[in-house]
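Naming follows writing order (A, B and C), and every chain is counted from residue 1.
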Amino acid sequence: MRAQREGSQAVALTVARCRPEVVCAYPISPQTHIVEGLSAIVASGELAPCEFVNVESEFAALSVAIGASAAGARAYTATASQGLLFMAEALWNASGLGLPIVMTVANRAIGAPINIWNDHSDAMALRDCGWIQLYAQDNQEAADLHILAFRLAEQLSVPVMVCMDGFVLTHAVEEIDVADQELVDRYLPPYRPRQVLDPKAPITIGAMVGPEAFTEVRYLAHQTQRQALTVIPRLADEFATVFGRRSASLVSPYRTEDADLVVVALGSVLGTLAETIDELRDDGVRVGALGITTFRPFPTEAVRAALRDGQRVVALERAFSIGSGGVVSQDLRVALAGMDCPLSTVVAGLGGRPITRPSLRQLITQARSAPGDPTAGPQPLVFLDLDRDLLAHG
Amino acid sequence: MAVQRVKFYQTGSFAVGNRLLDPAMRSVQSDATRTNAITSGHRACRGCGEALGARYVLDAAMRATGGKLVTVNATGCLEVFSTPYPESAWQVAWLHSLFGNAPAVAAGVAAALRAKGRTDIRVIGQAGDGGTVDIGFGCLSGLFERDDDVLFVCYDNQGYMNTGVQRSGATPPAARTTTTPVEEQAPGNRFGQGKFVPFIAMAHEIPYVATATIADLRDLEAKVERAMQLRGARYLHVLVPCPLGWGTDASETIRIARLATECGLFPVFEAERGEVTDVNPIRHRVPVEEYLRRQVRYRHLFEPTRRDDLIARIQARADANILRFGLLDEKES
Amino acid sequence: MFQIRIHGRGGQGVVTAAELLSVAANAFGRHAQAFPSFGSERTGAPVVAFCRIDDRPIRLREPVLEPDAVIVQDSTLLRQIDVLGGLRPAGYLLVNTAATLDDLGLGGVVARLPPGHAVAVSATAIARTHVGRPVPNAALLGAFAALTELISIDSVAAAIATRFHGHLRDGNVTAARAAYEHVKGVRSGASAA
């Protein structure tokens, strides 16, 4: 049903329509409105059967989800920032055990210094934990991706994180079409676990694996996750058929065809970026954007297909690896190997600093003004809107 | 008519011969059709108290639940010696996740079973003392506070034996571990530290808390059976001596456990909703020295010079337990 | 696109006002986006919320830097923060006050804006009368409808009904209509003059 509603409420309603049987909740901004919404839906009896478990930490939240999923229940939780890091050990465990848990990450910076605002440091820090990571551009996509996430997770027996920008999306009120129950039921069949804790057919889950087989376990995990690169486009097509609207797939190009510069980004900044690109296009500037929706597994082929030789590429990073540089850039560099696409990295919007049209305009103009020779181009690592005065007084 | 009380003493152990009992009163382990929840061939050390305790607990639980049982295991010796891939000693549905999250994972299993209307299937979580009193303690308290329908069993061998005998929050004072070495100024683990989780469990006012040892296996089975008659969060703390970590002979494991109770250092009791309801009285009280001197981890109390001061402090702890729980029959006290 | 910035204090319903404005605009057939200035502010602290209204889906996620309208829920903020920052030359200013804009030292701003674009309304007093609580946000939304004619007063009433129930709904709707009529009166007086 279409209505003007908060992003968190749209996600809560959508998750409820995916009929999770166990929802675990621990509060952390800016994720909290989602589990508040789900607690109300469960308390009202609208979502049943469902056990809503208020736990004592994020570590416990994911651990309860692990137990529930291993016992054959569809399990969901949500977190952000420090909470995601507090779960770190259990994240690897959930993926290692092949438990198809779906979790919303309301992306937020990591302290110290403590900061409750949006960037992607949390999810990026856990990019290698074996979970599929999907990043929503807007709230419609954030809600829709959860339906696809449950289907994907359960089809591959791999857990999925749906990442949505904290506050910018979670607290934004806009028109969002929450999928009808009937359609969700048509798209998302009941959860049929690959294996389950059953006294009638007792199995051992979580055995100790030594050097003789550990590499093979990881190899298989990689192969399984990579299958998502073919499964996600199919599920996205089916989603469009059932729901009558297209939810993003692996990547989403915007006006890239004749662009001489393409900005690669994840999440809600793509909206402001599209507005900026339209303005610059009106001025005759040939610029485009490439949104990455599926960050894990990394859609190498889709990225290569979306770009062409001669295009300058700017990775707009909402997180970065201290001591190295851009995080997305590392994957892009591999994806662009052999292509004539000079890559530069811009770190932007850390800890909730707004990424505005004027800043993006300046960034794009500067990047384009550099000659084709990448060594003469923009600096390989730029911090957007860096306050030099503040540094001088630091 | 005069009644002659028949004593069933065998080798001085109070163990009773099953063949003399009515079949209904016989132990689970005496039953040829018992589950063997943790079956032979696992890789525990010889004389392992934990392996023995876990077998009795789970077989008793399987009988009490008619085989409808799911178990969740923390990381630790029990998990490592029982599941070397591709083998498994478990003949029950069994899940291992992490070291610190077994109570939460067990709570998740229970939540899933509730959601599925399968509350006929019961859940046991189990961990060593590290996974219970230290790294898993937050999750354990959460389980108690929510009163999740889980029996959580701690196999307490008073240290991190899996990683090579380091100190845990359950390591007793003066015990030598690899992280509480014996030096002149540091005679093993310090006094006044650590925690007794059965008391903390009682403070949550959960339906059932009990302690037991592998010296009284019928008592252990009875407590598991009692626990499975109840719903909600239940806690069973089982003392399981570790020959490796304690420096005892593998043949002495059960004797050591018995001495721990008979000297008063490990009180055996039951509590419901935060109140002690029953205690196992000490039948042959022994001084703590009887218990301590058989263990290499306490050797420094006796050699090269005898440390009467430290022995007295340990004896005082035992005496306090005896007083607190009323562990001595009136005629003996 | 029409962009609104609402200034107030924690507890005055600033975030709710922005949300209701977006709901009203949506009910009026427009696309709208509302969002708070994402802080961890406590009761009484300065709070900012934003609303965008457009005829096409809104993709922009930056804060409102150059508002077409500024709503000030608490006039004591005028001394503390630059509530008028970025206000467009043909923008609107709506201030909750029992005083006049001149009394608040806003005469210069009023003069710079087109006639009838700056209005004072005693929304707290209206709220006390009709709602029984000094929460001025609903009345200000009514005043905003009259000031900008961007949304109808009926859509404001409908938006209020999505959030409040019973006497709170009725009181807030009455307050919004009273403020609406008040501002309409002021504006027709201004245009007549």
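Here, a contact is a pair of C-beta atoms (placed from the backbone, for glycine too) under 8 Å apart; a residue touches a chain by one contact, two chains touch by 3 or more.
What you see is a predicted model; the values in this text were computed from it and never measured.
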Those chains which touch chain C and also touch chain A: none
Most remote chain, CA-based centroid, reference being chain B: C
Chain ID, smallest distance between chain and overall C-alpha centroids: A
Centroid distance [mean C-alpha coordinates] between chain C and chain A, Å: 35
Chain A and chain B: spacing of chain centres that average the CA atoms, whole Å: 45
Length of the line joining the C-alpha centres of chain B and chain C, rounded to whole Å: 66
Of all residues in chain A, those that touch chain B in their complex: 21-22, 24, 49-51, 53-57, 59-60, 63-73, 75, 89-90, 93, 97, 197-199, 201-210, 213
Touch list for chain A against partner chain C, complex: 3-4, 6, 29-30, 116-118, 138, 165, 167-168, 171-175, 268-269, 271-272, 274-275, 352, 354-357
Partner chain A, residues of chain B touching it in the complex: 67-70, 72-73, 79-80, 83-86, 88, 90-98, 100-101, 104-117, 121, 138-139, 141-142, 145-146
Residue numbers on chain C that touch chain A, as the complex places them: 18-19, 22-23, 26-27, 31-36, 38, 40, 57-63, 65
